[in-house]
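These are the structures, in structure tokens.
Two complexes are shown next, each including subunit A; its partner changes from subunit B in the first to subunit C in the second.
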Partner chain A sequence: MSTHVADTVENAIATPDKEQPYAALGLKPDEYAQIREILGRRPTSGELAMYSVMWSEHCSYKSSKMYLRQFGQKVSEKMKEKLMVGMGENAGVVDVGEGWAVTFKVESHNHPSYIEPFQGAATGVGGIVRDIISMGARPVAIMDQLRFGAIDHPDTARVVNGVVSGISFYGNCLGLPNIGGETYFDSVYQGNPLVNALSVGVLRHEDLHLANASGVGNKIVLFGARTGGDGIGGASILASDSFDAAGPTKRPAVQVGDPFAEKVLIECCLELYRLGLVEGIQDLGAAGISCATSELAANGDGGMIVHLEEVLLRDPTLTAEEILMSESQERMMAVVEPSKLDAFLAVVAKWDVETSVLGEVTDTGRLIIHHFGEEIVNVDPSTVAVDGPVYERPVAYPLWLDALQKDSASTLPRATSGAELREQVIRLVASPNLADKSFITDQYDYFVMGNTALSFPDDAGMIRVDEESGLGFAIATDANGRYCQLDPYAGARLALAEAYRNVAVSGAVPVAVTDCLNFGSPENPEVMWQFKQAVEGLADGCLELEIPVTGGNVSFYNQTGDQPIFPTPVVGVLGIIDDVARRIPSAWQDEGNNIYLLGYTRDELDGSAWAGTIHDHLGGLPPILDLSTEMDLAGLLQGAAIESLVLSAHDLSDGGLAQALAESVMRFGVGARVWLNDIIERDGVDATAALFSESTARVLVSVDREDDVRFVGLCNARNYPVLRIGVTDQRGDDAVLDVQGQFIIPVSEIRERSNETLPKYFG
Partner chain B sequence: MRIGVITFPGSLDERDAQRAIRLAGAEPVALWHGDHDIQNVDAIVLPGGFSYGDYLRAGSIASHAPIMAEVIDAANKGVPVLGICNGFQMLAEARLLPGAHTRNAHQHFIRRDQRLRVENNTTVWTSNFEQGAEIIIPLKNADGRYIADAETIKRIEGNGQVTFRYVGLNPNESMNDIAGVSNERGNVVGLMPHPEHAVEPGFGPNTAVAMRSGLDGLKFFTSVIQNTLLANA
Partner chain C sequence: MPIIVVEVMPKAEILDPQGKAVAGALTRLGYTQFSAVRMGKRFELTVEGPVTAETLAAAKVIADEILSNAVIEDVVSVTELGA
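Up next, the complex of A and B:
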């Protein structure tokens, strides 16, 4: 056992002038002073541990809170219709009809994934899945949004292989289909990769649970994995400062994941919900027991008493502060009525899950924590969990932005022959950001659960919710950091629009949004300006589209050296589809279908993949976006899906029409004959723009010849621009992409060039 | 016709196996690893997953689960038993099937639509296939590389116990391209690919005809249903 003597409340009162290592724990002098004022005394070391982690940027959102409020304010009546639980809970919940609800959220696990890519990414999956469970839902899908450094940098393979193996190991072992995501490479992420993880859960309306500690006398029960010394960087500072023991403990700062324990925990929690044995379940993530107890108590109506020595430990030498701060994975905290405790314990025992009763709900209004009979914490829980500091950080328009925006890609040299265009198409197809991602996605299981209707490389993932009716949801995420660097307001809206479009092309109706806002340091006024612009753009965009943000996450301090990452607001859009049998895949599967392009093409190459890949150029202004046009397009696609008029639909985004065509012929090996002259003539653009422009509100669709008249009629009736630009051609070894009058590329060549890029660096 | 599906801690595809049984026309029965009871079912499926996290050897701890005593007893009496992926690994660990599994040669988890050849259609789980038929069944594993000593390989090849072989690509460098094997009697079959993921239009593997349209997995279950009905007739 530990020989440490805990710093008690009594001791804190008796030694008011004791020096405390608040700065090393990340607290500012005024924050420390505020804690002393709240308590009317100095904090105990345990209280200091709790405040320091709960008031950290990660847990308190102290720099972002004032901006995030917009998501709750810029809301129309229609946006509230389907919203069952909004922002502020573990995850948002949306009514998808037929008595079903869907809960979903995306979160970051960026910094741990650079230090220890495998465990960082693995526990990122584990953490977001526990958020979903705590809403009373069964997790049914995951996705990851990954951004790495330059593909040819010597350190990138370490991070990529670690992260992908970690996601594969954890997600597959958990039995959750991985149905999509993103992978980008850019040197701005070299020393700070972004590893975002998204999970979706489904539940019946009546199974919805919120985590709060209510009902005096209800038991507080910790169950799942034992508490160990992982993920407690900060606590070792306390330990080494407060005690003269054997010096600072050397423990991993990154948590270690055990997906088997989590899988068992999922089944155990779902059984507890089903049998009505819990009032609520709170997951333990960042800040561990500190967070779970203070949030449960703050969200409840009374107080809580916890006996910390009851926590089951993996390492019996842990100090009280370490136990409070430990981020050991696969743990949950339940609120249980005393009369149901025996039944609760029986279910937990059935699943061989370890558990201990820590304490109970009280009416004191205080969170009181004892350790071997001594009071080491006595706080108002809302001062820890809710009413943390809020900062209005200085904001400054980046002066370099004017020059960047003036440096348009429109004057860059363009191809002057078909042969040159061909070469550029191939270079784009093989470029790291557009190349085939099978090397990564082949390591993920999408079959498990048997409900996956669409998954990578389709534009959206789609899961059947109800096996009888076919009701399902679609989900897609997007963020283009290059656009956001050029204009964060526009960039955030473009990310929203692309995710929205990706859901629409699958045939689903977009209904809700989650976001993971990855930015540099909030202490940098230029970064804060980027953040402010991006949040405004996203909130305004959601209001225009009338789909609410239901939850998400902010990750600051993402930078390589002094260089902040591109602003990277990852936006996830969830859609509903009445019957997944009517889903629309992204690529054509048969010969002899007509190929149509929906939407107008403008000469928009600023920030494009073409500018980046062919000219190593980033400058100008991102493409024009009109969200009402995007809504028209989505409506058109839903109409087409209901009448089964389109065989495939693929969003045009990075790499423009050229990349969309390449992906469409590669997918099922069915070639295409395409002509550009109608686009060039109608839209007044040249061949380079026709192929590589990234104009918004455009989709490539294939239509059975029999449905031609009806399809064009539908577009005309809705006044949406449509052009027939080609036909699908033969499949097999001789399949080609023939862009008439310009070039012909064998599908085998496109595929080979697209497939070889990732294995070359990571295989 | 009742077919039991055992849930072990860490089983993942047991609901899928139950759905496949239902779609094939039989009644799925949920069995629990900790019970000494197979509820008098007509056949047993050991589903895929990562039982006990596969932290020791894949399938090894589960092969000692309480219910495995009854499974071994039933198998020895001729009750049809199918082990899918982790279930195959358990059956090998329990010595109901020959051979063993190691980490895939390329060290990665792999998920793909896998072509297989049916090498023996005389087992109770494969009789509805044509001998030599090529089928597509999803594969997904990290420890799927089939190995055995030379003598065992010779014996099972000679006895026709190699039930399925990988075609086109051997995804993990399994010996002799072996994807699945049976016991000598032909009532116990194990394979690494997942037939329960190729039973429903829209959710199966891609085929030459259309995406996610593969239904070859259904025949595993219709075979055992038909054979059981014939045996009971």
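Up next, the complex of A and C:
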């Protein structure tokens, strides 16, 4: 047993002047003073441990809170209609009809994934899946949004291969389909990759669970994996009795996950819900027991007593502070009525899940933690979990931004011949950010569970919820860091619009949003300005589209050396489709269909993939966005889906029309004959812009000739710009992409160039 | 030819799912006298010629940098077999 004696409340009162290592735990002097003021004494080392982790940026949102409030304020009645649970809980929950609800959330696991890519990414998946379980839902899908450093940098392969294997290991072992996501490369992410993980769960309305500890006398039960010394690098500072005594024991800062334990935990929790044995539930993630106890108590009746020696330990030498801070994976905390405790214990025993009763709910308004009979924590839980510090950090307009915005891509040299256009199309297709990602996605299982209707490389992932009716959901995520660097307000709205459009092209109706806001240091006023702009843009955009933000995550301090990452607000949009049989695939599948382009093309090359790939250029202003046009477009696509008028629909975004055409011919090997003259004539652009402009609100659709009149009629009735720009051509070995009057590329060549990029660096 | 043996174990604080699975299986099979199992890796490096201080030093370097992941594993020993 440990010889370490925990600092008691009594001891803290008796030794008010004891020096405490608050700075090494990441607390600022004024925060430490605030804790002393709240408690009316110095904190015990256990309390200091709890406050330090719960008041960290990661847990307290202290720099972002004042901005995030907009998501709750900029809402209309319509936005609340389908929302069952909004921000603040483990994940948002949306009513999808027929008694079903869907819960979803995206979260970051950036920093651990740089230190230890495999385990960092794996536990990122595990963590977000537990958030979904804790809402009462069965997890049914995952997605990952990845940003890595330059593809040719020597360290990138280590991170890419580790992260991708970590995601596939954890997700595949859990038996969850990975139905989409994004992968981008840019040197700004070199020392700070972004590994965001999204999970979606499905539940019946009556199974909804929340994280609160109510009902005096109800038991607090910890179940799942044992508590070990994972991820408590910081706690070791407290483990040594006094700050200046013998050096701290070295504890690892990362965690190792066990997906098989999590799978058992999922099934165990679902059985507990089904039998009605749980009053409240919370998963253990960052800040472990500190977070779970204080949040449950603060959201419930306000009081709780916990006996820490009851926590089952993997390592008996752990100190009380370490137990409080441990981030061991695969653990859950439940609130259980005493009369149901035996039944609860019988269920967890059946699943071979270890369990211990730690304490109970009280009405004292205090969270009291005992360790072997000694009181080591006595706090008001809301001061730990809810009323942490809130900072209005200085904000400054970036000095470099005006010059960047003036440096438009419109002056860059354009292609002067068909041959040059052909070469540029190929270079874009083979560029790291547009190249085929199946090297990554092939490592993921995307059909397991048998409900996947759409997945990579479709624009959105789609899962069937109800086997009888075909009811399902679609989900897509986006974030264009380059646009956000040029204008974070517009960039965040563009990310929202693209995710919205990607859901719409699948035939689903967009209904809700989750976000993972990845930014640099909040202590840098320019970064804080970017953050402020992006949140405003996103909140305004959601209000215009009338779809609410239901939850998400903020990740600050993402930088390579002193260089902040591009602002990368990952936006996920969830949509509902009445019957997944009416989904619209992303690419054409047959010969002889007409190809239409919906929307206008403007000369918008600033921030584009063309500017980046061909000219290594980033400057100017991102494309113009009109969200009401996006709503019209979504309405049009839903109308077309209901009447089954379109055979495929593919959103135009990075790489513009050229990339959309390339992806459409590659997918099923069906070639196309396309002409640009109508676009050039109607929209007054040149061939380069027609092919590479990234104007918004555009979709490429294929339509059966028999439905031609009805389809064009639908577009005209809705007053949406439509142009027939080609026909799908023969499939097979001789299939070509023929852009008439400009160039011809064999589909086999496009595919080869697109497929070879990732394996060349990581294979 | 001489052989250098490198032994690597997961760090004591870190969860070892493989060891945990083996421990669970042992209990199910009735071997209740073993309360925990931790599972590591053993490498055998066959040396061309005699083992010198330099070869051992080189083995230590690759043990630390290539054969183990310092974030979650410890190199427990680097020794010559039978020496």
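Here is the rule we use: the second predicted complex is superposed on the first by the 756 of 763 C-alpha atoms of A that agree within 3 Å, B and C clash if a C-alpha of one lies under 4 Å from a C-alpha of the other, contacts with A are read in each partner's own complex, and residues count from 1 in each chain.
By definition in this document, a contact is a pair of C-beta atoms (placed from the backbone, for glycine too) under 8 Å apart; a residue touches a chain by one contact, two chains touch by 3 or more.
Computed from a prediction, not measured in an experiment: that's the story for all the values here.
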Subunit C versus subunit B on the shared subunit A, clash or fit after superposition: fit
Which of subunit B and subunit C A:314 touches, first, second, both or neither: second
From subunit A, separation angle of subunit B and subunit C (C-alpha centres, steps of 10 degrees): 60
Contacts of A:258 with subunit B and subunit C, given as first, second, both or neither: both
Touching partner for A:585 - first (subunit B), second (subunit C), both, neither: first
Residue contacts with subunit A in the superposition, subunit B compared against subunit C: B
Touched partner set for A:228, first subunit B, second subunit C, both or neither: second
Touched partner set for A:110, first subunit B, second subunit C, both or neither: neither
Partner chain(s) touched by A:351 [first = subunit B, second = subunit C, both, neither]: first
Which superposed partner A:119 touches (first subunit B, second subunit C, both, neither): second
Which of subunit B and subunit C A:328 touches, first, second, both or neither: second
Shortest CA-CA distance between subunit B and subunit C [superposed frame, angstrom]: 5
Overlap of the subunit B and subunit C footprints on subunit A, listed as residue numbers: 258, 260-261, 352
Residue ranges of subunit A in contact with subunit C within the complex: 115-116, 119, 225, 228-230, 251-252, 254-258, 260-261, 314-315, 328-329, 352
Interfacial residue positions of subunit B with respect to subunit A in the complex: 9-10, 12-13, 15-16, 19, 34, 49-50, 52-55, 108-112, 138, 140, 142, 194, 196-197, 200, 202-203, 206, 210-212
For the subunit C and subunit A complex, residues of the former touching the latter: 10-17, 20-21, 24, 69, 71-72
Touching residues (chain side subunit A, partner subunit B) in the complex: 165, 168-169, 172-175, 258-261, 263-264, 350-352, 442-453, 464, 467, 580-581, 583, 585, 589, 668
